[in-house]
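You will see chain A twice below: alongside chain B first, and alongside chain C after that.
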Partner chain A sequence: MSQEAKPPEAPTVTFTVKAGHVSNPQTLEVHAAEGDLKPWDLDSKLRVVKGRQPRLDGKYKVTGRAKYTYDINMPGMLWAKMVRASVPAGQIVKIDTSKAEALPGVKTVWTTDSRSVRFAGQDVAAVAAVSPEAAEDAARLVEVTYDEAAYVTDLEKAMADDAPQVYEPDKVPGPKDVPKKGNVVGPTSPRRGGNRGDVAKGFAEAAVTVEETYSVPVHTHSPLETHGVIAKWEGDHLTVWASTQGVLTVRDGMAEALGVDRKNVTVITEHMGGGFGSKLAPSATGTAFAVVACKLAKQAGAPVKLMLDRREEHLCTGNAPSALMTVKIGAARDGTLTAVHYRSFGSAGIAGGAGTGGPAGALHGKCPNLKIEEHDVFTNAGPAAPLRAPGHPQGAFALESAVDEMADQLGLDPLEVRRKNEASPVRLIQYDVGAKAIGWERRNKKAGETAGPKKRGLGMANGNWYVFARGSGVGCEVRIHRDGSVEYFSGAQDIGTGFRTAMAMVVAEELGLKTTDIKPNVGDTRWPEGPASGGSNTTNSVAPAVRLAAHDAKMKLFAVAAPMLGVKPEQLDAADGKIFVTGSPGKSVGFKQAAAKMTGETISAVAERKKQYETYRGDLAGCQFAEVEVDTQTGVVRVVKMVSVNDCGFPINLLTTESQIIGAMIQGVSWALFENRVLDRNVGTMVNPNLESYKVLSAKDMFEAVPIVTEIANAGNNTSCAGIGEPCIVPTLGAVANAVFNASGARVRALPITPDRVLAALAAARRG
Partner chain B sequence: MAHPSDKDDPAAPVVSRRTFLKTAGVGAAATSLAGVAIPAGAAVLGPGPVPLSLKINGAVKTVNVEPRVTLLRALRNHLDLTGAKEICDRGACGGCTVLFDGEPIASCLMLAADAEGHEITTVEGLGSPEAMSPVQAAFVEADALQCGFCTPGFVVASTALIRKNANPTLDDVKDGLAGNICRCGTYSRVFEAVQKAAKASARPAGRKA
Partner chain C sequence: MNAFEFARATSVAQARELVAQKPGAVLKAGGIDLLDHLKERLVEPPRVVDLKSIPGLAKITANPDGSLSLGPMATLSQVASNAGIQKSHPALAQSCREAASPQIRNVATIGGNVLQRPRCWYYRLESYKCLKKGGDVCYAVGGENRYHVIFGGGPSYAPHPSNAAVALLAHGASFVLEGDKGPRTVAAGDFFTLPSKDPQRENLLQPGEVLTEIRVPSAAGWRSSYEEIQERADFDWPLVSIAVAVKSEGGTVRDARVVLGAVAPIPWRSTRAEQALVGKSLDEAGATAAARAAVVGAAPMSDNSYKVGLVQNLVRRTLLSLA
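And now, the complex of A and B:
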């Protein structure tokens, strides 16, 4: 989390840096913690960082050699399978495991202590057996008797006075002074942004107001590797191989749940098959499966593997809250916003956390009057988990659709309206870059004006995110061996972002080596601590510690090399595999030659991250442009091209940074056009818990995706990097919806934008 | 096929969902005929583990598995070939794609017993970290992977595509990969990698994909 600007307490050292964007550099002072290095800035001559480096683990992944948690099998290992509640609400009367236990090959069972059922998919029982087939058979033999109760799965029905009471204040207390009525908790305001000015006054001053309601359904994370663990006890020591975004979170969670000392728990995540926010809990938000696996392993005296199946992954490991958002905005004739009133209701199932007001709090920063009201609505559905920029894609869809509607009413270019209200100097640069890349001048001046039934159009939307970093307690170890090989150790896990490669680039930059010279070691609680990978904070948290450790190791090696060159260590520099005298590159010794002279076998340096500096900007700017084709006869929408322009500070690895941006556009278009969790109102269970009727974007739906990184030297840490995973998915839904309108005149305010909704919106537009 | 009188004979073997029916002299095998009596000339495998001889990546391997075990699970859980993944378990995602006599198939939808007598190639058989195939190398170079969990399926499907069509257009590539899902969102870089690999493979000096 970016820290509040406050007088420094610890000793500091002041650096002068050239920060910001190359087109508008700013000379700033950084009051860095003592011992930290001067941040890389616009003047830094970087050889490796900001380059394009293929992943170091790529060769293992493309040949099927990379071992994910799901791929680990060990001798004597048992296979576990869980039994989940088949009803959405009620009491468990009886769990009969006798038939399951009698099945040959079944070694042990677990049943829940909880009698209350609050959603279909909740943990009830588990079995462990000698084969996955036997475990699946045994799970089917567990007989559960329920006393069913009334339930509600629909957001708006849950808000009614006579709805079954799902909200339990003792379980989810929520903020103290917030109104709580039935299943509705709110209004609250987001932690960042918040309210300013007086919206009533702003609306009174407005020449035009727009007020519309928008909705987004629940999306499930659907990582391709499901949640799962292998738990193995050796005496009192527990080792857990976990498909997780946070090895430390799993370690602490298992220690607490099982009453084991943290130092007796090791958690390992070498390769991880996607999480998108769902794998931030010790087990998952809607299941304690990992704890159950550890208990089964203890009971059976054998390692236990428990991987959820695809259906379970949809039911109980998380989802993004639904949202029902009413946006009222007022503007002067020239597009200057006078007020924004943002009001949202959303359901995170039986949990809280359905707020979507973040974008309203951060975008259009020049608007003087802003009010945000968020409400959590409780339903009998699995608890939500953070999904890639929690609440922000939903909120930006509503806000940016409303701004587009305002521009249309005023007869103004929606991009010009945004420029007029823009407070971020970064986004002003991005508007020009993005408009040029998409060919913004090609947009329809009047929505749907193209002749013929297949109509093309352009739309754009903004997104925001924050510079998050764990500012302390994050470490890294760098080791230089006598043979000249180098490796680094970070407890943080690579969840598919390319983290391990990016950190190797930081080491290579500092040591003057090639990235391929560095061996990464990541994802293990026995190594220096790293953060859980959420909030786009991993690179930002760890890279500065990696640079410090590499720097310290280098200085130790310089002490070895200095006598070889007859100079002092401070006079040395490293590049191209050589250690040389600064200013006299001819006076050099090879990196390997120097290493061969070290007294021990290994030079090791461990460093801790210094605090995050609030120097340039604490927000991350982004905007996206979409070109779509709408078949006005069938209602089918096809995305033709998307351009995403994003700030992530300095990208460490431009190649993998771009891949994340491409991925965000794809996942965002998938949400905009296809994805929708369907809970059957008659039985209260999910009816599309698979990957064919829970449709995600496939190769045939693919469009031209153009990622553009706006490099910003933010000087917030010694590498000037920030995060990218989340900011780039915030604008996508709005950009697509606005492009659909520009192409066809169909304003679709409910996602996904399915053909029936397009045809209905076209009919509404014809009626005027 | 079952004779009515078979049902009345308590001694007649009955096929359950855990046993596997192999009809002698006929290539096809019927499965999952719960409660159906056995036609003459057919052999019943199981329900316990049975030895199967599978030709995987050019080598003959023997596995002892229950007849209901899929080819995917035989590879993963009995032969330590874990490149192919069980992601949807119903043929909807392409994560378990292997080559079956050169054709890409969903190995989650085939019983291991049905694979006897056929050539199976997994992603491991296409190349190794030290000697990647042109398709594998192109995936790494183009960064056509993120978490990489879907990648083995994409690599196998792409290899099959290039073997059939040495110079695929973008639409050909999309068609060839229509059965593979990637959740991180790498499709455009996968397309780039496949077209690069096709070009590399098409060159006279280049190795075959």
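And now, the complex of A and C:
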């Protein structure tokens, strides 16, 4: 999993690789599992991989031929609609479905067994009817009686001793050995990184200390396609078309919930309209809608479609927890950090997992003294779900704002302060690349020094992530057909990242073909297993298995081609649609000619992912630079330009890797400037459960987005790739906030950075 | 939404008749605001009567005397892109260009924009039985009121949403309404009504009445400008908007109209700011005095006092842009 992982105990094969960045190559000996291939490294001459390949399914997406879950309909299908709790806390006294059942077109209903309500939006009942209109009408006729109870939705109020309790004392979730008091669970330390040294000693040694508190509200995933499924039973076999990041998670979740065998459940996700972590659960974190759809389908004896609406998407499918983070930093006059004490509280609603200490544990690695304390605070609100680098964008915003404040107090360049405390050789390279791309020398030497009401400035921040990969239980099948066509099969789903195209590139690389020659088949539990797409692990987990399968299929084809060329299969190589004798490219046979000679119709090779081994580095480095314009008369902030510098190991498809980096900048800027789930303080229900007043960055807010990949031969698997989806959003929030300060002198410590807050911060700055 | 009957009217008289026949029937112009109401079941009409099928209602006419006759069914895009209006009544063209998003501006009408209901998030959700929906409480009071009013509030505090109305008021427009007793003309300044009169209405339009024309007098001798501040650069409602029209002679302001949007339950004409300007020159001192005057009497709520400063900065800046 990371550089700390021990070499596998099973038989290994040792490879010597040239790893790291091209500017500073490192010769490493790695111990791969027997049968694995030598990893691609800095010496590899790759023809396809690392190039820019447009998505193979792009034309289907732009012409509407790509069918998403939402687009799938079938004869006899029913439409389902859920009824959700309208109060934030209490007991369900009665659910009366008689009027709903009497409505023409209604076929069946479901009601919850649970009586406790802990957030407004919780599952209560569902109806299935012959049309979406009938289902909606019927859902409105379900009468629910509640015995309402006191509730708390505000993070800080929930921390108070006399706050209403979200859970009864004996039911508070969380590990046994962690302190629990009221709604608060903690302190804990992050799973990675963690404490070192002695912070009291570090602060005593510091010439300067900065201590500030930063906050981030709850942010919802808001994917374009809402959660949803179509469930269809044929006898004992259940097929589920799901908008999910994990077809296997859905399969296993449905099998368990419905008491059927996994082999009797098929889950299909051909195209998926975004999830960002909210679609990792079998249904979603705050609703069992998919299970309910399967039950309704069984009861009605007909396929059932259940797509959530936008309001439900905001209320019960997950969110990024809020965070209240106090950062204390001590430093010497030259900017050398002597201590970091990071303390955070956050609410994941009725769930845990609001920790934000990851960046503090990983960044500024030369600082000798570090203490991290994280706390979960329960509130009567929908449970969180992982959201693109869970906790890290929030934590990096706080930590990197504090470092920026420290630099300002010392009169130092914030980039120089970071260099001084940097432990990652990769980030040191990235600092130079990013500073050049943004023109760092243009930054205001004194914040807000530009003349005129509209002021520009630059800021930067760091981010971190980890190398996650599933080292087993991941497979791929590659088939070469007699006509020379090639296809691959991976159960893993393409969640919009371009996974299916990237895997086709790996096959093409190995077989010496063009990517467009390869037909991808992804997102189906009947095919070799792939991981759920979380932790930026999909490409990282699957690509090595794809390469192995393609390699094995190639060797089988070489066995067919060898007699044609009068050589041994081991002497052959493949490139440009030809199979040729290594060292004598003139001695060749066409790929198709060779395929035509196969016995039978298909050569098939199935490969399993070999274990991940020690890598060049187990962490992923990144940093970002932002240029913003602040209208100091109105408080409006516009991002002008962003530069995002990233390590993802080797990118497989540089084009879609850059696309993910651009997407993260957009999502991060939107988070920094606009997005904010608002729960009414008196009623406890959400006032902006839509995309009108839950504001996501608009087209006109778009800025010049510059994605940069610092290619690192990671050498932890045979493709040297790592992940990109999550690391690239970690620094964005902090970079924007720091740029706002550099532009205007307004230090906004609460996100989103809206005009009211900028005006208040400007007024505070004027007061000194 | 509920199931309803859809009727296409071919004349204003027929439209009025189609509505009169079915209690609860509603008129549809561009349908943007209506669709939101239908989807959230804020209205459940038995019949929707479309005005789009009535010929001539979308006509924009520049009259020889410099005045404008705007058909209420003219789209915001048509008004915004009309070269004549851009020149003669710049604040009006600008206000229509700033509204919503390009897609919506291509469908939404200027009449619909003026008559749309507030965007208050409590009003817009069925689950909050607020004053505007016949309930007995304004949830913004002591609630989530960052976008609510600082002038003219009580008992309801939802801001008026129309951009165009702010500019129309600054241009001294009037509305022609056709009802049972024939057409009547109401000045824009009289048309919009405060919640203290009736929290469930924002204007004088009676049930069964149809807005058939918007008259905008000649703006010869006037200079005008419109600006709005919104969180997002596009597809967002203003935090504050402003339309200013000024008539000057020899560097001295003779007449002025300062109208603020998104700060009151109606487009808010600041007569104090206007009085502060008249007789002064349009310079830093004059603009600053008008800005100060504009916020006299402001009564911010718990979370929207930023609007007071924003109004001052905008009044000053918009006036100076005309100097």
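Methods note: the second predicted complex is superposed on the first by the 755 of 768 C-alpha atoms of A that agree within 3 Å, B and C clash if a C-alpha of one lies under 4 Å from a C-alpha of the other, contacts with A are read in each partner's own complex, and residues count from 1 in each chain.
FYI, contacts are C-beta pairs under 8 Å (C-beta built on N, C-alpha and C of every residue); 3 or more make two chains touch, one makes a residue touch a chain.
A quick note: this is a predicted structure, and the numbers were derived from the prediction, not measured.
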Partner chain in contact with A:Glu133 - chain B first, chain C second, else both or neither: both
Superposed model, chain A: greater residue contact from chain B or chain C: B
Touched partner set for A:Gly498, first chain B, second chain C, both or neither: first
Contacts of A:Met272 with chain B and chain C, given as first, second, both or neither: first
Partner chain in contact with A:Gln633 - chain B first, chain C second, else both or neither: second
Which of chain B and chain C A:Leu759 touches, first, second, both or neither: second
Touching partner for A:Asn421 - first (chain B), second (chain C), both, neither: neither
Which of chain B and chain C A:Ser86 touches, first, second, both or neither: second
Touching partner for A:Lys700 - first (chain B), second (chain C), both, neither: both
Which of chain B and chain C A:Thr656 touches, first, second, both or neither: first
Residues of chain A at both interfaces, chain B in one complex, chain C in the other: 133, 692, 697-700
Interfacial residue positions of chain A with respect to chain C in the complex: 86, 133, 137, 453, 633-636, 638, 673-674, 678, 680-683, 685, 687-689, 692-693, 695, 697-701, 754-756, 759-760
Contacting residues of chain C [partner chain A, same complex]: 2-3, 101, 119, 121-122, 124-125, 127-128, 139, 142-144, 146, 229-236, 239, 304, 306, 309-310, 313-314, 317
Touching residues on chain A, where the partner in the complex is chain B: 54-55, 57-68, 70-71, 73, 131-133, 222-225, 271-274, 276, 309-310, 495-498, 655-656, 658-660, 662-667, 690-692, 696-700, 702, 704-705
Sites on chain B touched by chain A in the complex: 66, 68-69, 73, 76-77, 80-85, 87-90, 92-93, 95, 122-124, 126-129, 132, 135-137, 139-141, 143, 145-152, 155, 173-175, 177-178, 180-191
